[in-house]
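What follows is a pair of complexes built around subunit A, which joins subunit B in one and subunit C in the other.
== the complex of A and B ==
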């Protein structure tokens, strides 16, 4: 096996394991929210499992999968192995250790603070230290890939950066900008406080730093999915990429706009000035643009594929697409779902309208469409190519792989639409049950939560299919040389047009200026307030 | 850089949509004062329970008919447990907590705000329909989060309140 493939594979296995455990947690929650009386159903178990599901899915599964993807794409695109593989392995070790520490604290019931861990909810110090180590590990991964890129660039000063690497670099830059916020929150506020060195903590400052990280985090999830959509899926569909420079424009826009937006998660917060909220809301609305552009370019690429296979009419190119190939169907279905999720996101970030949906079930409905499908389903679909490529084994249980994206799609529509609706009916997110003293309003939520539980069953079935295919392929697939994963070619090679889009220094500099504009003054103003701080509590 | 004609049209369309969004947010903000709760005032969480204002939560009806509601959000209740306010009048909520972050959401209305220890939450809204409303905590605050709720009663006749509350 190619040595670096082993590194990508190690990351992939952690991702798959986290995903599988988190899926089981999700099933419990979906059934619990429908108010079904299950054995072991207690508030303590419920909030523990919400925390485990959130951390393992949103942080562990995504980060490790993206690290695997980064190594794999970089090597395939450059036709060379990564620099400083040892640093890669050390980073993997650090991130895995951190994951074990944080998950251990959660599963022992010492850290049921949910994946947003807002203080003054106080978890065991192992949770914060573990989460920090996971991020430190991801910084090592970033370093290895940046280093590899710079060495390649030195040797190929005239060449165009391969699109897949361009997208992964954008991912890394967004991640580095974002993690400054959460690292500051963990190192300056949370860890000293959880260890007892400081008595009180300022929850609003902590929330500002968390959301500095928390919203670009969603683009850290999304950009790698877009890299798959742009560089792999057109080829899987049997066609070509419709436009290469516009793909680069999309990645660059994400670098610039991902971070100065975090206050749109704090629209309902006291202690944050309305003017700054409005500024972040404006920036957030601009991020609709790169996703609109992506929708056009990818669907146009699909049409190209259909036409190459002989389609002539307006819509018959749709029938020519390989709907039985999960690497294709996963992306096509993920895009349909993301179309709904994107509009929901525009509503969430719409300043005033947010008041109707803030912290309601609408929100979990929303992000299960975005990270839970646009990202997760894309990753699962690509895993059916990635696992064979990394292990040199045949894909096993192919039938399960074929139905898996459709099960996910069905399940997510049921789960998510019902959650959007119960959210509009006023149902809060993250609640164990909704008796509320027999309130009539709360009774209206029951049909919706029932439908969402049925969706949860579909999703769990889909997750089991995925886990079975991964285990079957990775451990028992027939060993033989596998077909290379090829990148899609653009219809028109980018040549040397719009070279500025490859200049990551310029875009990073602009992004840093915007981050400073969005955060420096609000934080300085905030520190001028007479702040009292809050003691910690661990009521779980 | 060559961009396909249809894609260019699409890009202008996308731009137009975003411009419409930005304008509608701007117009509602500046002409209708449609602003999320962003009050800036701090308070020591340790003093909330004995505070001259928040220590005695309740409703005050002002001479002009508007009302101020002072709420203490605690694990796991909103105090007072039943809040009576007048219909069709500006109602200003002032909320503080001595313990954890809570959410104060009047279900099926746009009354929705975070309550953060160390800060005073304040927002003003008008209830156009009389009746009973459910107030829920919508931010996770530990094992009893789902038991944290209150009742809001919007009264057609404000004189019913003055007698009942203060």
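== the complex of A and C ==
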């Protein structure tokens, strides 16, 4: 095994471990929401499991998987080892230490503050310090990849940046811009407050800084999934990428538009002027466009694959696609689910209609379609290629790998559609006991929560399949040289077309201007208001 | 597990208009808009806005 593969593999193992623990926590929640009389079912256990599931799945699993992917793709695309591997290992150690601190605090019941850690809910300082270390570790990873890119660029000044690296650079730029917000929240507000240096905290300011980070976090999850869709899946399908410049345009649009969007999560909040909310809503609606472009380009790439295999009609190419290969089916099914998620997102981010679904079960239904499927299912499907490539072992339990994406698809349809519907009926999210003394309205939600629980069982079964395949392959797969993972070729090489799309300095500068425009004045305006602050609460 | 074989011996014009894709994307776009408007007119508007 080459040394940087060891680094990518270490990151992948942390991701798989976090995913497995988080899945068990999810089962607890799904059954609990169905009001089943489970052993250990208490409010404290419920909120602990909600927090652990959110943090381990949405932050730890995704971040470590993306770091593994970044190392692997960069090395494959450049045909060289990464620079400053030692920094990569130190960063991995810092991020892992932070993860252990934060998840330890959660599992000990000292940090049931949910994945958004909104104050005045207050956690043990270990949680905030651990989460900060995870972010710091990811900055080290970002540096390693940027440094590797710069060295390659110096040696290859005339070469086009490989598409996979272009996408990973976009991921890193979005991440660095986003994490400024959460770093400010942690260092200036949460950590001093949790350590007792300050008595009160400003919840609105904390929420503004959290959502500076929280929504671009969505694109930090999504862009690497798109990198897989653009650079791997067309090849897996047996075809070619329909358009390389369109893919680059998509990544650039994410760099520019990902961050100035956070206030669409705060449309019900006081303390933010309506003008700024509208500005963020406008940017959020714009960012639907690159996902539409992606849907077109990837489906067209699938059509190319089908036509190369002999299809001639309008839709017969669909039959020619490799539906039995989980590296393909996971992406195709993820795209179908994401089509619904995109529609729901356009409702969440509509200024008026947000009130209809705000803080209801609709929201958890929505983000399980996006991060929970478009991203997570793509990552799982690619893991069936990545784990053998990194370990040099055969994929084991292949049948489980084949059925796993379909189980996830079924489970997520049941889970998410039922949550969308109960959300529209007014069922709140993140509530342990929602019977409200047997009120008539609450009774209407019960069929939906039951279907949601059945979906949760499907999802848990799928997660167990994934964990079993990963453990079986990584620990017990037959060792032998594995087939290289090749990138998809575009139908037409990009040549020197639209070279401006490769100029990350320009797009980063535009993005920084937009972030300042979106956040500087609202924060200044907020700081000029009379603020009272809040003392901490730790109810569970 | 992937199938990279090219089964047809006829020349394939892979850079031509992807008619199936255009149809799928058009249908999706129409459904997207229709479902959004259904929710707007039949759920959101009857409930009324937060402020009169």
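Keep in mind that, in the parts below, the second predicted complex is superposed on the first by the 540 of 540 C-alpha atoms of A that agree within 3 Å, B and C clash if a C-alpha of one lies under 4 Å from a C-alpha of the other, contacts with A are read in each partner's own complex, and residues count from 1 in each chain.
One rule holds for everything that comes next: a residue touches a chain if its C-beta (ideal position, glycine included) is under 8 Å from a C-beta of that chain, and two chains touch if they have at least 3 such contacts.
Bear in mind the structure is a predicted one, so any value in this text is a computation, not a measurement.
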Would you check which partner chain A:352 touches, where first means subunit B only, second means subunit C only, and both and neither mean what they say? both
Identify which of subunit B and subunit C touches the larger number of residues of subunit A. B
If you stack the two complexes on chain A, which partner ends up touching A:492: first (subunit B), second (subunit C), both, or neither? both
What is the contact status of A:33 with respect to subunit B (first) and subunit C (second): first, second, both, or neither? neither
Between subunit B (first) and subunit C (second), which, if any, makes contact with A:242: first, second, both or neither? both
Have a look at where A:307 lands relative to subunit B and subunit C in the superposition and call it first, second, both or neither. second
With both complexes overlaid on chain A, does A:121 touch subunit B (first), subunit C (second), both or neither? first
First (subunit B), second (subunit C), both or neither touched by A:425: first
Give one of first, second, both or neither to describe whether A:296 is in contact with subunit B, with subunit C, with both, or with none. both
What is the contact status of A:265 with respect to subunit B (first) and subunit C (second): first, second, both, or neither? neither
Shared contact residues on subunit A for subunit B and subunit C? 242, 292, 296, 300, 346, 352, 355-356, 492
Subunit A to subunit C touching residues, read off their complex: 235-240, 242, 292, 295-296, 299-300, 302-304, 307-310, 313-315, 317-318, 320, 322, 324-328, 339, 342-343, 346-347, 352-353, 355-356, 398, 424, 491-492
Provide the residue numbers of subunit A that touch subunit B in the complex, in ascending order. 43-44, 47, 50, 114, 118, 120-121, 202-204, 207, 242-243, 245-246, 266-274, 277-278, 281-282, 285-286, 288-289, 292-293, 296-297, 300, 346, 350-352, 354-356, 358-360, 425-437, 439, 441-442, 492, 497-498, 529-535, 537-540
Quick check: in the complex, which residue numbers of subunit B touch subunit A? 1-4, 6-7, 10-11, 14-15, 17-18, 21-22, 25, 28-29, 34-46, 75, 99-101, 103, 105, 107-108, 110-122, 133-134, 136-147, 149
Subunit C residues touching subunit A - in the complex, by the definition given at the top: 1-8, 10, 12-15, 18-21, 23-25, 28-29, 32, 35-36, 39-40, 43-44, 47, 49-50
